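Single-structure report; data block below.
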Amino acid sequence: MTDLVTFGESMLRFSPPTGEPLERTDTLDVHAAGAESNVAVAAQRLGLDTAWLSKLPDSPLGRRVLSELHSHGVDTDVVLDEGRQGVYYIDRESITERRNVIYDRDDASVRTTRVEDLPLDRVRSADMFYTTGITPALSATLFDTTSELLDIAGDADVTTGFDVNYRSKLWTPAEARDTLVDLLPSVDLLFVPERDAELIFEQTGPVEERAAYFADEFGIDTVVVTQGSDGATALRDGSAVRADTFEVETIDSIGSGDAFVGGFLARYLDGDDLTTALRYGCATAALKRTIRGDLAVTTPEEVESLL
Amino acid sequence: MTDLVTFGESMLRFSPPTGEPLERTDTLDVHAAGAESNVAVAAQRLGLDTAWLSKLPDSPLGRRVLSELHSHGVDTDVVLDEGRQGVYYIDRESITERRNVIYDRDDASVRTTRVEDLPLDRVRSADMFYTTGITPALSATLFDTTSELLDIAGDADVTTGFDVNYRSKLWTPAEARDTLVDLLPSVDLLFVPERDAELIFEQTGPVEERAAYFADEFGIDTVVVTQGSDGATALRDGSAVRADTFEVETIDSIGSGDAFVGGFLARYLDGDDLTTALRYGCATAALKRTIRGDLAVTTPEEVESLL
Amino acid sequence: MTDLVTFGESMLRFSPPTGEPLERTDTLDVHAAGAESNVAVAAQRLGLDTAWLSKLPDSPLGRRVLSELHSHGVDTDVVLDEGRQGVYYIDRESITERRNVIYDRDDASVRTTRVEDLPLDRVRSADMFYTTGITPALSATLFDTTSELLDIAGDADVTTGFDVNYRSKLWTPAEARDTLVDLLPSVDLLFVPERDAELIFEQTGPVEERAAYFADEFGIDTVVVTQGSDGATALRDGSAVRADTFEVETIDSIGSGDAFVGGFLARYLDGDDLTTALRYGCATAALKRTIRGDLAVTTPEEVESLL
Amino acid sequence: MTDLVTFGESMLRFSPPTGEPLERTDTLDVHAAGAESNVAVAAQRLGLDTAWLSKLPDSPLGRRVLSELHSHGVDTDVVLDEGRQGVYYIDRESITERRNVIYDRDDASVRTTRVEDLPLDRVRSADMFYTTGITPALSATLFDTTSELLDIAGDADVTTGFDVNYRSKLWTPAEARDTLVDLLPSVDLLFVPERDAELIFEQTGPVEERAAYFADEFGIDTVVVTQGSDGATALRDGSAVRADTFEVETIDSIGSGDAFVGGFLARYLDGDDLTTALRYGCATAALKRTIRGDLAVTTPEEVESLL
Amino acid sequence: MTDLVTFGESMLRFSPPTGEPLERTDTLDVHAAGAESNVAVAAQRLGLDTAWLSKLPDSPLGRRVLSELHSHGVDTDVVLDEGRQGVYYIDRESITERRNVIYDRDDASVRTTRVEDLPLDRVRSADMFYTTGITPALSATLFDTTSELLDIAGDADVTTGFDVNYRSKLWTPAEARDTLVDLLPSVDLLFVPERDAELIFEQTGPVEERAAYFADEFGIDTVVVTQGSDGATALRDGSAVRADTFEVETIDSIGSGDAFVGGFLARYLDGDDLTTALRYGCATAALKRTIRGDLAVTTPEEVESLL
Amino acid sequence: MTDLVTFGESMLRFSPPTGEPLERTDTLDVHAAGAESNVAVAAQRLGLDTAWLSKLPDSPLGRRVLSELHSHGVDTDVVLDEGRQGVYYIDRESITERRNVIYDRDDASVRTTRVEDLPLDRVRSADMFYTTGITPALSATLFDTTSELLDIAGDADVTTGFDVNYRSKLWTPAEARDTLVDLLPSVDLLFVPERDAELIFEQTGPVEERAAYFADEFGIDTVVVTQGSDGATALRDGSAVRADTFEVETIDSIGSGDAFVGGFLARYLDGDDLTTALRYGCATAALKRTIRGDLAVTTPEEVESLL
């Protein structure tokens, strides 16, 4: 049985060497990258049994993605099909907080995925099904599929996890809101970046209030608000706990949020309390920041050495 | 005044280091690549004044292409617009004659280019206007644009050059044929790979016969048949001349045909005779094969040292 | 159920860039490498369901090996334990046929592996169990384990495959002979390089005679003699078939033999005839030679395109 | 018409990978670098039409420089001639503020450049002619040429821009002073680093006083004093304005001053006020510091995103 | 005559590119590294005549070590013998103060070195003989050899230098203590990291007290306590002096302690006073931190520019 | 005592990655390179005790050269002085036999070397003193120094070795001839490439005749004519012997001639006969061709494995 099943797109991420502008570069570094596969990799490495569901093109590019996920021990159940391999380019890694990302993910194979393409029994027999707000933003088909998967999981008493993960290049806050209000009622465990709570749901109060908004409005059991360099806060049954970040020398900040979720779930699905899970998530995110690429290529020992 | 104006798509070419499978690579080499821009670069470096017309996305990727073409001194008149940057991936450079190429060029900005987008006066005042069979294969709009440009050039007494350049990933031989029979009557100087003459036009005779077929059937002044490692043959006014290849250690064979055309035109437009132009083309193609990337980064001195 | 279970050591292979002497190099390329894991990777990629059994150190080095094997989809059942990660260094890739290899594999974790450490049910339920002459050469314990595994497989009616794979740095021909005569009677399908047949078993006759020697002397069903650039010959029920090599530009010859076996088994275990399997093996070996590293990172499509 | 014409030397800059001492390195990174070409590149990329005048050796090294400048869209009018390609080596990029630079620029082709070698009409029809104190320091011929060019520009009512840019490896402060007092009266817009004002002209007062000294002593319209991490101050018609630096993570500080000038001129020649130009200059310099190489490979969008 | 003779192991250090986890890396950087050879290199580069004594395997790996030491001008007197080349791997360079190092140095050639293998006359005619606590920790043979060498040096009136250099992967504090109490009475100049004084000898008082403990307990002339980012303190004849660190941007902290010793000895053996030697040591250590690898590839000019 | 003392220039050689044109490259590989230091490195590695005499600039560049020579165990006696570090660039390694080399060696420090700068006792006590025709071609001072050194060696009964080594970028054949006729009478052992014998001395006969010409005309004891891919022929006392080349896959042909001389001398100065020395020279040259850089980074074992 799989502890965690995630569903979403995985891209190839292309980035020039440090200090080299994309416009001038003669080489690109290649990494697999996608919110839901990032979470699966982090969680698998930290002890869970995970599987990632998706569609990929039947080509060396699709296999490049698969091969990197497999290398971390993640199980995959992936349709190899027509369509493109989504990619994204990072222009300048070094302008603090002013990263320039170019997505080229239109017509990616994943966009046509329907529930009938997917191994629903794996979803039904998992401990948790997880996806993010990126997936329904990618296509109308994927919105339907996401919605149905959340219901299928719910019907089978599988906990559902969801990260809002707003991407301004995919949709406007208003569009995101319209879609998310349909999906959030099916979510048991919500991750929401503090800034998305403001941007999409106009929550500008203290972090606990923002968390409470989601709990109340959509009947969500557990809400985790990630707060960037301020750490993270979790709310369950009306009581909030929080964890601070760990100080590291940042080499690559992309994927911190997914690393946080992967680390959090590793402990949460293992039955640990919220505070432990939050701290574990923050430590995993911190370690991720010392590694090039979107993936948290770390170990339980490393995470624990940080705690 | 510009000697040579070319029109077409330019992609980014991504290739792994020698011996590294695309499926496993952690780095990609990046080069600008496109039949008509390849020809412009080769011709410019060998003495012509050239300009390349196209559309590119207004992004670091589009600028990456422009910057490489500019670096060789080619003038560009390019609309920066919506749309994707076309790319292609080379999987295995090493299986002799069994290269595996993955195109990812759908929705490229160039596909929506109309004659109104282009600086027609530059076309009208050039010595030659050049494009290839790849361009009309990319979209219906581009077919129209190509056709109109050939007519505009013809009406202005600008010589028109055209390379058949059949690409099986873009269309079938039958589709190619249907399109090309419309365009070829407007062509003054035709380049046609020997294998395309067979594949599309069912010409299987001796090379001179194949050349004569195009001259007769479409009323083309000068026909140059490229014959891979057998060199090239040109036919004008019923009489044929030919040139052999030059022996070099091949590092990268992609772009040989375009290098040939660029070298040929450098002499042809300068008024040299067909034999000289053919030999110059073969030498340029041979030098290209010693260089990584699609472009013939060479000099007149190097070409001459080979002759 | 797994089609093919292999057992043996996997090392890390360190090699300097082309043309750089090991004594001077400032960088090393890293690849996973080991006869039995090489075979598993080739076979898995070409369609079989494979698993590799072994011991590795519980360290980033052990995980480096695992991660590369997983990336190709091979299932592993590996004890993470004390001991070293075996490595080997390639000094000069370029002196044709005069490669200089430095093994540093003493005290590798794998050397203490006992049958009790291994998932015997996986062995018993496979189609084939495979190992090579390298494994029993590594330690007395491994000799016992190899011998027992062959028996366990035999008792469970699992076909046993074995490659003689003589390594002069591990033992003398006389030592090899003494050990192999004990093991070969348990083998159903034998791979033996032509030169090993001579060196260890003093077989100097025509290749069919050499094959017959093993069939007769040890009661082996099927004997495949690999003949380097002369291809390979197989003997079953007294009748021999052979296949030629495929011409490619060699980038890295190490691992050709394992690629051959992996390709052969992909077809053999799928029920194809000997001739088909031999040709498939030769094509896989040829493709391997175009790839840096020990592994045949290829696909059924690539292999078929060569046939 | 060209907005900005600059004249000076461009070198090749060779630097080892981060953390690698020059004495031990097995590879060098290569970039084009020269104060006046740096300014042209920055200004061109930020919207001006620029041309760079110089002499270069007729060799792959001279073409390497040209090709990098062309790649940024700078027009060049360069004599290809005898002489060396000047180069410089960076030893240790990492000892903050203790960079070790080795110039090897003697006998560079540029040193023999006379006004008759140059396209004076381009100078006369530009909006601004720009050079720096490095140029007259390189040879007696270049001093004469610089002096004559400033006069030719002045006679044609072309604004003249000049950066003091003192280099201790080229001349002493006393030598610099003797030369500069001859040239400064012909300058309309002066850039002077605060430390040069002290070192050469013994100005140690507040920055506005230093600026006023140049305005008064040499009759210069506009004086801009660059103040390193303290930003920059400009004085015109007796009134001073200033701008602060923008905080970035510095990867390579070389070329900040030239990036500042290029950014400043982009706005200044476009008619913006001094304050706007200063801020634009500071933002361009800050972005430059995030990029490896001497050149400010940036865009108006990036600069504006920083403002 | 040689000023400084050092004796110990030198390994090859393998490290992945910045930000790349060892578990995933496809390339490793290679450097020579060993406490006593690090000291010899630093001291030689800063003006001493040094020799390093050891055993190495007679292989490209042993020669790789020798060649790097020779490149810095260190003289070597090394037995080429059986045995392994010790190596170590650095997993994550970036987690500040949480470096993960994997030693693979068992069975290294050096472990069997006896005094009869060594050129004792070189020891006897040196100004100083130097080794560290790592050497006796490597094998019983090396403990004997170290002990005898200290006596041989003492008998010949050669000053003996020793750095405690505790390595938790080699022995426990208790084992270290038992061994060191035997050796320290033969030491004239002791270097001891502050943390080792606490860990092994339970000295937790102020730094001068810790130093006094060694002077009193073992009759050591001069005791230097290194204090990481707090600099260093030296005690002789009951009076203490200290020096602060120099601020630099750290690229690689490994080898700081050895660089400190090398810099200190360069001045100390030249007859300078303790304070000068301490400052020189701190400056050398600071420069080392700006360089990738264990070695302080610096010059007297660079060190002095920092003072 | 030193077996072999050589005198000449050593440059830094800069070359782009394979297939990358110099005009476009963003990185350069760095190697030490110079005929007489190449010979010293080859001979030292193959068993002789060698020293190289020269002048180098007192800079990281000069130290870069020294450090590479030291790394091979060559002793150096070098004045660190003013002047430049000579460099050379390789443009295209791949156009067989059409290598494009750019020398930038004017004003190199070495050019002002006088005999009084050199340790003449080392010359007088060597077995052989060796230099090449490149040295006297570099400056009038160096011609004098070369001439005097040959006399000093002769007077001290030190065998003198000399390689004609004509370089068309340094002088014309006529100039070379005029100079060499002055020097050759002082030479005991001459190496002369077959093509130089023709170009400079108009010797077009069979190789033995060409050798005899030098023996007779200048009274030279032993004449070795190198014949590129035809191997080499030696003449002494009127009788000629020859050796063939060894077949290898050439990666870098530069330095073959020097490797030949180094290998030849290793055996010749050890007392072996001419035939042995010739074969050893050819094997060393062949191995050199498998290595990037000018130096024959090989071992006696490797050479012998080829014989």
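As written, the chain order gives the labels A, B, C, D, E and F, with residue 1 at the start of each chain.
In this section, a contact is a pair of C-beta atoms (placed from the backbone, for glycine too) under 8 Å apart; a residue touches a chain by one contact, two chains touch by 3 or more.
Just so it is clear, the structure is predicted and the values come from calculations on it, not from any experiment.
> With residue numbering as the guide, point to the option in B-D, A-D or D-F that repeats C-F in over half of the contact pairs.
The chain pair with the recurring interface is A-D.
> On C-alpha atoms only, rotate chain D onto chain F and read off the angle in steps of 5 degrees.
Rotating chain D by 180 degrees superposes it on chain F.
> Using mean CA coordinates as chain centres, what's the gap between chain E and chain F in Å?
40
> For chain A versus chain B, what separation do you get between their C-alpha means, in angstrom?
Here the centre of chain B sits 44 Å away from the centre of chain A.
> On a C-alpha centroid basis, what's the spacing between chain C and chain D, in Å?
Distance between chain centres: 63 Å.
> What positions in chain D touch 2 or more of the other chains?
Residue numbers touching two or more other chains: 21, 23-24, 26, 67, 71, 100.
> Sort the chain contact graph into one of these: line, ring, star, complete or other.
other
> Which part of chain F faces chain E closely enough to touch in the complex?
Contact set of chain F toward chain E: 66-68, 70-73.
> Of all residues in chain A, which touch chain E in the complex?
71, 247-249, 251-252, 287, 290-293, 297-298, 302, 305-306
> Write out the stretch or stretches of chain B touching chain A in their complex.
By the definition above, chain B touches chain A via 14, 21-31, 59-61, 63-64, 67, 84-85, 89, 91, 100, 102, 104, 106-107.
> Touching chain B in the complex: which residues of chain F?
Residues 18-21, 23-24, 92, 94-96, 98, 100.
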